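Presented below are the structures under discussion, each in the form of structure tokens.
Consider the two complexes below, in which subunit A is the common component and subunit B and subunit C are the respective partners.
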Partner chain A sequence: MKFDVVITGGGLSGLVAGTALAKARRKVAIISSGQSALHFCSGSFGLLGKAGGKTLESPLAGIELLPPTHPYRKMGAEATGAYADAAPLLFAEAGITLKGTSRANHRHLSPLGKLRSSWLTMGDFMTFSGERPPMKDCVIVNFEGFLDFYPSYLADGLGALGVRCRTASVKIEAVERLRRSSGEMRAASVARLLRGEALEELAIEINKVCGDADTVFIPAVIGFDSEEHLQRLRRMVGVPLYCVPVTPMSVTGHRAQQLLRHRFGQLGGTYLLGDSAVAAHMNADGSVRAIETASLCDDYLEADRFILAGGGIFSRGIVAAPHKIYEPLFGLDVQATDDRDRWFDADFFARQPYMSFGVATDAAFHPLRGGSAVENLYAAGAVLGGADPLTEESGAGIAITTALHVADLIINS
Partner chain B sequence: MEYQVQNISRDNFEQCIKCTVCTVYCPLLSVNPDYPGPKQAGPDGERYRLKNPAFYDSALKYCLNCKRCEVACPSGVRIGDIIQRARIRYDRSPVKLRDRMLANTDFMGTVAGALAPVTNFMLRRRIVKQGLQAVLGIDSHRTFPAYSATTFAQQFKSLADAQKGYPRQAVYFHGCYVNYNYPALGLDLVRVLNAAGIGVRLIKGERCCGVAKIANRLTDSARADARHNIKAMQAALGADADAPVLFTGSSCAFTMRDEYPHLLEVDNSAVRSNMMLASAWLAREVERGAVKLVFKPEYTRRVTYHTSCHIQKLGWAIYSIRLLKLIPGITFVPVESQCCGIAGTYGFKKENYATSQAIGAELFDKLRRIAPDVVACDCETCKWQIEMSTGIKVENPISILAEALDFEATAAANR
Partner chain C sequence: MVFLKFFERRQLVIQIFLCNFEAQNTIMLNNTQLLKEYDVVIIGAGATGAGTARDCAMRGLRTLLVERFDFTAGATGRNHGLLHSGARYAVTDRESATECIEENMILRRIARHCVEPTGGLFVTLPEDDLGYQSTFIDACRAAGIDARAIDPAEALRMEPSVNPAITGAVTVPDGAVDPFRLTTANVVDAKLHGADVLTYHCVEELIKEGDRVRGVRLRRQGSQELFDIRSRLVINAGGIWGHGIAAMAGININMFPAKGALLIFGHRVNNVVINRCRKPADADILVPGDTISLIGTTSSRVPYDAVDRMDVTQEEVDILLREGMKIAPALAYTRILRAYSGVRPLIASDDDPSGRSISRGIVCFDHAARDSVEGMITISGGKLMTYRLMAEQAADMACRKLGVEAACRTAELPLPGSEEEPKPEKKRFRKSHIIELSTNQLAAKGRHGTLSGDIDFSRDSDDALVCECERVTAAETDYAINRLEVNNLVNLRRRTRLGMGTCQGSICACRASAMLARSFGNDVALADLASFINERWKGMRPVGWGQTLVEANFSAWIYQGVCGLAPGKTDTSAL
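Take a look at the complex of A and B:
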């Protein structure tokens, strides 16, 4: 099968690149072996929270403090900012509401009621600036038997920020059934049931326990497939209502994945879910000719250009063998050491070197193979080396901005 | 320090990183809380069962074997296989008469087909349905698909001689449904392939693929059929070692391609790469220019495609959709891939009926809203379920193609 662009990896980065390319009328296929790390998303995206040991108010200002091989340094602060600012529209077109800008990080609440900083946050959650959340008196509502949400911790955290908190629990008929198997009363199962009449029932129960509260918090279990359900609930509840992240699977992350995929399909993209790239077929000049997949067998996916967006070690875009870190599909050069003792820091909370392992690229995001750039291949997202997403709070930002950047390079080439 | 480089377990359960993404995509989980879910039933439970088979949980019987957990797994764990293998290995409860009847599609088809007018009349009577439910536990909401008085294999005999005259050859595994219930689909395929310049060969002594026997734990019998089928398939290919072996049922194709080696431990490597769904193979042939299709100008239909669980697992829905989109008169409306709830013989059992309908409810709603003229689908049991639950007609893409094709012009174009 022939496409303009074939993307390996169907998570945040692959979908953003695919959508941008499909919007520019390119014929795109995405190969996705299983579901993506978006399912673990708390609902907030970081662009850059920390750099050079500093906590950043303005993410773009920190880019110059990053190492020179960092993806943001390769794009430059200005371009990174431009891609970052283009992102919310792309998500909005897919039906995903994101609040925030690249000019300043905003605050949101962790599940324990601590302040966190981010670039973009989904519309389900409360965002604010400054050190105090905009409320005085809140009620935290949980479902009886739902164990992946911790109202008392949240209340303690908010109490320390000067907010009066009450906790309450409600019983919803439809959700009660799930309690027969306590282990499987998980956010996703609850979210599948909280629609239609069950949502009306929930609104009634919330209004009963609301009292004088000026804000209501509930676990993020509303809206399995669209934002519509939460909008409906908000209309039925008398006071402002926000969700708080719960233990993954993340309902908001799942929803974002599905909506992005749907949007990609609407634009004419082909998404091969559950298939996996098993081999890359190269031309004599070192460029990529085609990708072979497990399901399509000898019907190779040919294209002019390819994007590697297979994710990091977690998603197996990069693989760790006992004494080797490698990129399994193309055999690309990796920014990593083979000395296993230098992969880790014994202090668990210290910066872990393996976090920055990834594919080495030139300035135009062409990965290197045996030292030379593969000209029709681009790398985007967590597969890229040189960044430490966990300490930098930059994972989603890198995934989105590098995806838009390589899409741009392809469109303009 | 020595590191173990390769994993050594079957079905790679140790690759599970406990991310739980499979549980989000299990169609059963939020509908039936008695089912422990793919993670717990699969890789988690496997660790315990390896220590002591007494840890086997009989609730694993609720698994639909839809494999949507495997499609969702980012770590490539064969979750569905782990669960089915555990059922085969550890479930020692006797197989019910009803399950034996549902699983022995060949035997039932032969007997029922021989008495087709009587069987069909009887199976549609309310009193008979209630009797089947009371005595056997076959849900009375279900209607058995009508049996054909003459099988597809019998009907094909009159066409067999002409097949040798075509320059290219394909082997066709028709399966029980086409043979006993719906020969029209098989005949559609023969007509379409013939027009494309391809002759059709059947597999001598073809037996059921075994999907129903596997689901109902008649493993030894399924394995014997599997060995027989693979040999018979090789014999049918004969000197045409590269000819395709085509299917019109996605579950037959999936079972013979993947469940044979994974669950039944039957080696199919000699023919595995030949096996292809007919709609997928045709789409590929058209794409590479080896087959030309010409359509009737007056044919117009609003069509959606339902992705059966097993074609989702095979990864070939893309081909069926491409094939449908080749037809100029078709307005194609996509619908999200999700389970319809029937899962073969599963939905026919009295104890599963409510679950089966609850799983499919969302899909039925979406289909009613789309209101297509016809739902295209590569799976026969999905067809029964969707037709029964929505009243919308469901057809195999091959039958839709046959309806839209200008046979004379196509034959001329491929000469």
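Take a look at the complex of A and C:
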């Protein structure tokens, strides 16, 4: 099979690159093994929250503080900003509402009631700028027996911000039956049931416990496949209603994944779900000729250009063996050390060197293999080395902007 | 009349004092009202200390068990969990072998819910000398251990994970024992017999009157306040830390800390204990335990001042893996959950200060005879397998010194949880497929034995799973928090296995933390959550590659990224 571009990895960066290319009428295939980091995403995207030991109000202002090998530095602050600003439209076209801009980070609530800071946040969640959130008196509503939502931690967190909080729990007939099996009361199962009439029942129960509250918070378990369900619920509840992320898996992350994939398909893209790239076939000049996948056997995926978007260690785009860090598909050069004693900090909460491991690229995001750039291959997202996404709060930002950047490079070449 | 009033007032003052005293200690004391003077204070709640407390309390002594952290926080919680048949020591140490097989048979009776009679194999690999086998069998039989040579093909049928290249195999009555459950059951029984228990209380000083030890000066962890508990006798069961406790009385015990490292695999690779049939060496025992398998151990001398900072090194991990794969080749591609290490409290005999002849046997010192310090006993050496015997020896000595005549009954009476259950009544109705307990209740029964009947599963939400990997329900979590001296997530893990499974707490710790918060408050519970995650990381780090690193990475994204969790002011991860 012949495509213009073949992308390995169907997570955030692969889908964003694929969508941008398909919009530009390229024939694109994405190979996706299934679950990606996006499925666990809380619903907020960070562009850059911290750099050079500083907490940033404006993410773009921090780019110059990053090390020169950082993907943002390779693109430059201006280009990074331009790609960041192009992103919301691309998501909106897929049916995903995002709040926020690249000019200033906003705040939102974590599942434990801590304040987090992000660039874009899905419309389900409450965001605010400045010191205090825009409410005075809220009620935090949970489903009885749902253990992945922490009303008391949230109440403490909101209380510290000057918001009066009450907690309440509701029983919804449709959800109750999940309790027959002790491990079923989880976000994904609840979301599958909370639609149609069950939503009406939920709205009635919420209104009952709402009292004088000016805001309602519920766990983010509404709407697997579209935003429509939450919009319906909001219309039925008398006061503003927001979700708070729950601990995984993430319903909103799953929805974003679904909608992006759907959009990619609408644009004519080919999404090979449940397949995985098992080998890369190279030309004599060192460029990539084709990708062999597990399901298509000898029907190789040929293309003019390839994008490696397989993610980092979490997604196994980068693999850690006892004494070696490597990129498994192409055997690319990695920015990493093989000495295991230097991968970790003893403190879990300190910066962990292994999180910066990834492939090495030239300035145009061509990965290096044996020291020289692979000219028709590009790398995007978490597979890139040189960033520390967790500490920098830059994971989604890197995935989105580098994906748009390499798509641009391909379109303009 | 005046005198009476004075007396009443004094009573009142005492009562107020006791109330205050209770109020200050309610978190740790769990409604325990302390006596002003005990017959014995036992320091250290590992298996030995807990067993000694049980034994002393059963003999009617007024007993207090004091532990600076949690039960099993030392070597007890960091060993192999092997119910030794004694075969391992048969050739080199007959006395230990005999002790082991006797205690093995006793534990099968008194600690049924802590023991899994898996059976054991001693296998000869092609690189080992098959000639050793007959020496080994002879030595086993001489020690009273039922050892039988079997055809290697038969061994492979018994335990399919064993290396198919083995040239010889011997069956022995090895098994698995859960040290956490065993110790908890001993503590529970000690309390049932009237003993008081204080965890998270540090012995700061021994109270001395002349050459006589008269009690302990205690400090609750996290507090600066000191208070005295007097006792007629102090029993030092502090394991490797017993060295420091003896030093408080000016007594020197020649201890030689020996570090042993182990690896935990992500599932039960084997169902039968597999040993190498050779002289004891590194990494030659693979033990199944609940949901996992353990390979160990290494053995290395460590300086005494390093016993509180035992990190597993790359070299140790490599040795354990390399040797483990020889026993069970599947270990090469089985996920390693974590690595840990413990410190054996080996003691050199008194006439050999150089430490060349180190014993693994039991050491029970009456310091009055040995050091002219009255009122203190040290019980040390030995091993998990002989904890009950050690306790018996210490309690015997205590009774002798206190002039109490009472026989030891710990070998006969079952531990709480291991009592014989009444045979089920014949069903009057013919309902052939009634499921009496849910899977989760069965899991709880596996962990708590007959005591699981006290777990309240009456409400709908009780059966909800908190820890999916180990099937720990909300009901069992609540039971542990309320009944088993749980102050934090690490305690909870030791009582229930929560967080011990493949997710290493990524998913369940948050849920359990919210449940702990109901008893201890949100701030304490959140700081504890961060400590717990860090404690899990400590064990994952030495084996941080492959799936284990993926899991750790996931955990980092969830707790630091999504949740915004940061470490609190106090780190309880060392506890």
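Here, the second predicted complex is superposed on the first by the 413 of 413 C-alpha atoms of A that agree within 3 Å, B and C clash if a C-alpha of one lies under 4 Å from a C-alpha of the other, contacts with A are read in each partner's own complex, and residues count from 1 in each chain.
Just so it is clear, a residue touches a chain if its C-beta (ideal position, glycine included) is under 8 Å from a C-beta of that chain, and two chains touch if they have at least 3 such contacts.
In this text the structure is predicted, and so the values were computed from the model without any measurement.
*Asks:* In the overlaid three-chain picture, which partner chain does A:254 touch, first (subunit B) or second (subunit C), both, or neither?
*Replies:* In the superposed model, A:254 contacts subunit B only, not subunit C.
*Asks:* Could you tell me if A:245 is touching subunit B, subunit C, both of them or neither one (first, second, both, neither)?
*Replies:* In the superposition, A:245 touches subunit C alone.
*Asks:* Quick check for you: in the superposed arrangement, does A:144 touch first (subunit B), second (subunit C), both or neither?
*Replies:* second
*Asks:* Just subunit B (first), just subunit C (second), both, or neither: which does A:349 touch?
*Replies:* Second partner only.
*Asks:* Quick check for you: in the superposed arrangement, does A:40 touch first (subunit B), second (subunit C), both or neither?
*Replies:* both
*Asks:* Quick one: classify A:297 as touching subunit B (first), subunit C (second), both or neither.
*Replies:* first
*Asks:* Is A:392 in contact with subunit B, with subunit C, with both, or with neither (first, second, both, neither)?
*Replies:* Neither partner.
*Asks:* Figure out whether A:320 sits in contact with subunit B (first) or subunit C (second), or with both, or with neither.
*Replies:* second
*Asks:* For A:110, using the defined touch cut-off, is the partner it touches subunit B, subunit C, both, or neither? Pick first, second, both or neither.
*Replies:* In the superposed model, A:110 contacts subunit C only, not subunit B.
*Asks:* Could you tell me which stretches of subunit A are touched by subunit B in one complex and by subunit C in the other?
*Replies:* Subunit A residues touching both partners: 37, 40, 179, 183, 248, 314, 316, 321-322.
*Asks:* State the interface residues of subunit B toward subunit A in the complex, per the touch definition above.
*Replies:* 3, 5, 17, 19-21, 23-25, 29-30, 33-37, 40, 70-76, 273, 284, 287, 312-316, 318, 334, 336-337
*Asks:* Flag every residue of subunit C that touches subunit A in the complex, lowest number first.
*Replies:* Going through subunit C, the ones touching subunit A are 311, 314, 317-318, 321, 438-440, 460-461, 463-466, 468, 473-474, 507, 510-511, 514, 517-518, 522-523, 526, 530, 533-534, 536-538, 541, 544-546, 549-550, 553-558, 560-567.
*Asks:* Would you tell me which residues of subunit A are touching subunit B in their complex?
*Replies:* Within the complex, subunit A contacts subunit B at residues 1, 33-37, 39-40, 177-181, 183-184, 186, 188-189, 192-193, 248-249, 254, 262, 265, 270, 272-276, 293-299, 314-316, 321-323.
*Asks:* Help me check something: in the complex, which residues belonging to subunit A touch subunit C?
*Replies:* Residues in contact with subunit C: 37, 40, 42, 110-112, 114-116, 144-145, 147-148, 150, 152-153, 156, 179, 182-183, 185, 245, 247-248, 312-314, 316, 319-322, 340-341, 343-344, 346-349, 352, 354-355, 390, 393, 395.
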